[in-house]
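Look at the two complexes coming up: chain A is in both, with chain B in one and chain C in the other.
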Partner chain A sequence: MTQQVLVRHRSRTRASSAPAVRRVRARKGHAAAVLVAPYVLLLLVGGLIPTGYAVVKSLQNEAETGFGGLSSYQRVAGDFRFVETFANVALVLCVWMPLLLTAAVVLALLVDASPRRFGASMRFVYYLPGAFAGIANFMLWLFLLNPGQSPVDFLWHGFGYTSLNEVAQPGNLPFIIAAMLFFQGTGTWVVVLCGGLNGIPDELLEAAKMDGATAWGVVWSVKIPMIRPWLGYMTLLNLAYGFQLFLEPQVLGQVTHGLISPQWTPNQLSFTYAYQILDTPAAAAMSVILLLVTLGLGLLVVHRSRLFQDER
Partner chain B sequence: MSRFRMAVALVTICLVAGGCKTAEGTGTAQDATDSGGRITVWVDPPRVPAVNAFQKAFPDIPVEVNTINGNVGSTELQQKFVLFNQAEKGWPDAIFFPSNDDIAWASSSKINYARDLSPDLGDILAGYPAGVIEQCKIEGQFRCLRNDAAPDVFWYDQVLLAEWGYEPPTTWEQYESLSLRIAAEHPGHITGFVGDAYAPDRYLWASGCPTNDTASEKQVRINLADERCVRVRQLLDRLLSAGVLSSTGIFSPDAAELGRRLVMSPGAVWWGNFLFRDTWKVPAGRITAAKPLRWTSDPTPMTSSEGGGLWGFSRHIKGVQLENTLTFARFVASDPRWQVDLSVGLPGYKPLQKPWLAKQREARYLADFEHAAEAFVYATTIVRPDRDYTRYNTGTVWTHTITPALTSGKSFTTAWRTFSDRLTREARSFGYTVES
Partner chain C sequence: MLSPRLGRIGRITTLLLVAAAFAYPLLAFLAVAFRHDDGLAPTGPALNHAADNWQSVLAFNDGVFLSWLTNSIIVASTGSLIAVVAALPAGYALARLRFRGRRLLRFLTLLTMVIPNTVLVIPIYLEVSAVGAVNNLWVVGLLMGFFPFGVYLAYIHFKTTLPNQIVESARLDGLTDIQTFFKIALPISKQAVALVGFFSFVANWTNYFLPLVLLPLSNSTTVSVGLQQLVSSSPLFDPTNAAGLDVRLYAPHLALATLVTTLPVLIVFVLAQRYLVRGQTLGAVKG
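Entry: the complex of A and B
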């Protein structure tokens, strides 16, 4: 019935006049433009223009007096810390990403399967650590890591550590940073995945049960495949975040009086080039390299998780 | 196609615009400004009393104080100056550099912030012993003022050594053998710290090991295979193996407890008040200082210097603002109301050393004060001159190579290799040509 009305309405509109259609379309176009404009503006100011500037800057010569070709890329790639910084980040990601993915999925499934009120309160509890702003979270970690003040001092004593410098030694850094990121971010992703799980139609789950699927079967064959794009999205954002690590090793280096190299991550190396070595083109080149790496990995994730496949 | 052309045009404009910047010459900058009187001063927390004393002494000069991070080896300061240079404003008129190496970038041709003080403050500069002001002389110009002379002397616990029946050592060789005896006879006590950014100054500089010997802004000599490096490396290796040196740094919170078990150590003059008295709370009447240790093979006794902060002043100012800044410079370098009454370190400015020592004598903290005072003044005259502050920070390379290696139980020899390797590479990454 409704459809018939709609068809009749449409045909009437089409019949009425061509300029009216154009007017409607134009109005729709304006509305879209108004909605998109703030985003485009921010994208330009915070994304495209700086990226363009970095690309241009990276092509200057060291003295910034003219075109230098790819020499600045050569300088950073030849830096003795270049490979090391990427290896450090890779280590953090190797520890952090599997933990994050597993924990977020398991917790989200548990919340989803829990009775309503209990599930909601647990979701809130998981989210809490993520509500701390970055630096507040970091300060909390300093207390946790210092065997002299930590409530988990038994853990540090178990490893034979008695001071912050022993806990925060460079070999332990990938684990420490992975733990910081894990506790800070997992709760937020539990909330996101719960949203995904809520979106699975009840009929589908009922159908699976009627077909004889066990609870485990429903999780494995229905729920997880259905939230696959969310998992892809989560991997994508966190990979990008991981490659941009800066704050944690930088501040940890300061509180341990220089125990950690000031060039522990690619971003810190770029920072060193910009503000200590004063080689801005090399700093820009490092940023561009970082962008290419994250972009490449991002595309891979998008492709593998079929993130945008369902969009019509 | 037109888009491509536009992009090319844009790139060209940017490249050309970037190329318009040129390095300025030294002296007062062309764009120098005058605030009409107000001066801006940046200091680390221990230097805040200096500014307060200045404001009390010169109430007519309006001063804006900005407290900065005082961590040795911290790198965030330079970033601000890069931005000031880009904005062409914002520089402080006077600054206490938290790290002595800061003077290297502050006087480099790229940042070029610190003014040449010879024309305006010749009389003050003449008041410094040559060894104390040497590191401020950069390519023939005096670009900074020493706050306090910080030569290394030899500190020891007089009561403990007397009780144990040991003579305080006078040479590095005796220091080693006594340390090894202490390790064997009184385990748990220590005779030095090697985990802080000043440790390479304390040990390597004192031995004459070339880590920071610059010939120009772009040339440096680093040779850790030099005999003078090898001898100090072997000494540290043996003492670390015996467990009598701590791999912690002097500023580490753990050092407070260890400091009370420190029997003896080379260390700067400021260790007396700042570390032994205020930080480690060692009771009065125990600690004293002797003349710096000497290597038996060296023809003359020489020592190093640890910190002893540097003041820099802006070359972007003129008129009343400059006058007031110079008044401030004179005050912090040579006024007893700061240097004698409040400063914890021995004044770099020689005429104030006697009054400062007199005040310390009254404080009755050190044991055998006359002996220590004589050692302090003598040490200021024998600081090795062939060690410069550079754009790479040797102390930072030390703290993130040697310290973590020792903390995680690796051998000192391995750690030294990494340190040596990274130091050279770090210098190169700053554009230095490294000779050995």
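Entry: the complex of A and C
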């Protein structure tokens, strides 16, 4: 409030100084360059140069002595595991994404409708598993999945499983990984969506109520449309996350002694090419293929959710 | 239509049931860390067991666990600091200034935000090893500072919560765009700083693939890769492992080590929580 008063006062005294405005406009390009410079540098080092490098590498021949055309792409695409890895990821996404989207939206709306203290503590509990992201979440699940010590051992006994290797058999893997991802990620998205719901101006909600909208009406025609960019972003980021799966199947494969293929996801296949087969062009080609797949999906979602919309 | 009373009971029950489902595995895991286990018969939870377990984790490979923790702290904080320093001005410029290349930069930010970061790990490894900087914590920190999602958050923040009249009048006041950013926009953007800092810290702390590839030496890596080393050297999953080891780690030790690694993320969440959910800057316009 003080800022607003201060600014009004300022603008009244100086609003007519046109030469100053012109001077500032001339400096604008320069100012923008200074402000974006650190980020552009990081974008080059962490994004564009490695991408370019991957493309160049992928076009080399197997011995890395010269131009190999698309031979490395043919090598990876011809690998018997290639299609399988994408099918595995697709299965995980089919189980996980609908669950995640539904649960995050429903929980965020319910938390948003709750009084401060209660809502905030629920949000905190949902976030807690988020602190167990990555390897920590995996460790937790290692314990949950092991029938001998699991607090949900009744579940495994119900299926007739008595050892970790029986629970973590390849056929169950899409469900296990979907459950791991759901557990670690949902709470974070509840927090993000709550932030979005919180940003809806009160006047808008009051106006809808005055127009006679029911609680459901407000949810459908005000709240959900207002958080739509976030829903789009959430879909996008999680689709991308699905394609980068590496840690979970990799370590699960290690502790079950080869029960699960070490090339279960595209990223694991890429890793195998880079560090076991020592075929750098093929590893690079795999990275480029993954890049194109995720970019295609991403652009679709971005377009439809009007992410980064620019109204002016 | 449901009556409001019934709706309220339904809402509270649902929230509590889901909370229980999320909390139960965590509490059970916490209890494991307080057990004693020497590979024969695990006992019930007790406080002094946790202390013993912690000593065993520390004793593993001459306290390598503490080096992993230190490395993680260096890498994750460097990364988030760089992410905040780079993302806020960039987000501001993208949202508020018109300059040449703006559309391209916004497009590239979007694209790199979509790219799963592990996709680029192997190309990044090739790039880093070409300049001979593998096994360098600071390089990993710098690379983690590239956080396009942070730029997007800052962009949204400045676009939606920074009152346009404030920027316009600062401009008329003769402030340069850089001055406007530092004197006007930044001081009311605690929320954006907290958001970018929080999300990048969590992403950095839990990053597994980048340290796995860029910090290959066992004692110079981060705790996320380290935990995986604890698992693979535990007799729990491979009884033959135990033979050559001076310290044998079982489920309680692994659980305790895991819990310790989640503490920094929890602390950062608690610190950032009030900015994560409240439209802090909205107050400036709403009055």
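One rule holds in what follows: the second predicted complex is superposed on the first by the 273 of 312 C-alpha atoms of A that agree within 3 Å, B and C clash if a C-alpha of one lies under 4 Å from a C-alpha of the other, contacts with A are read in each partner's own complex, and residues count from 1 in each chain.
In the analysis below, a residue touches a chain if its C-beta (ideal position, glycine included) is under 8 Å from a C-beta of that chain, and two chains touch if they have at least 3 such contacts.
Just so it is clear, the structure is predicted and the values come from calculations on it, not from any experiment.
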Touched partner set for A:V125, first chain B, second chain C, both or neither: second
Chain B versus chain C as contact partner of A:H257, first or second or both or neither: both
Partner chain(s) touched by A:E166 [first = chain B, second = chain C, both, neither]: first
First (chain B), second (chain C), both or neither touched by A:N198: second
Chain B versus chain C as contact partner of A:K57, first or second or both or neither: both
First, second, both or neither for A:G47, with chain B first and chain C second: second
Partner chain in contact with A:A274 - chain B first, chain C second, else both or neither: both
Dominant toucher of chain A (residue count), chain B or chain C: C
Overlap of chain C and chain B interfaces on chain A (superposed complexes): 53, 57, 164, 254, 257, 271, 274
Chain C-touching residues of chain A, taken from the complex the two chains share: 1, 3-4, 7-8, 10-11, 14-15, 17, 20-21, 24, 27-29, 31-36, 38-43, 45-51, 53-54, 57, 103, 106-107, 110-111, 113-114, 118, 120, 122-136, 139-140, 142-144, 149, 151-152, 164, 183, 187, 191, 194-195, 198-199, 201, 214-216, 233, 236-237, 240-241, 243-244, 246-247, 251, 254-257, 267, 270-271, 274, 280, 283-284, 287, 290-291, 294-295, 297-299, 302, 307-308
Contact set on chain B toward chain A in their complex: 10-11, 14-15, 18-19, 21, 69, 71-75, 78-79, 82, 105, 110-111, 195-197, 248-249, 251-254, 391, 395-396, 399-400, 403-404, 407-408, 422, 425, 429-431
Residue numbers on chain C that touch chain A, as the complex places them: 1, 4, 7, 11-12, 14-16, 18-19, 22-26, 28-29, 32, 42, 82, 85-87, 89-90, 92-94, 97-100, 102, 105-106, 108-120, 122-127, 142-143, 145-146, 148-149, 151-152, 155, 160-161, 163, 165-166, 168-178, 181, 188, 202, 206-209, 224-225, 227-228, 231-232, 237-238, 251, 254-255, 258, 261-262, 265-266, 269, 273, 276-279, 282-287
Residues of chain A defined as touching chain B within the complex: 52-53, 56-57, 59-60, 64-67, 79-80, 148, 162-166, 169-171, 253-254, 257-262, 271-272, 274-279
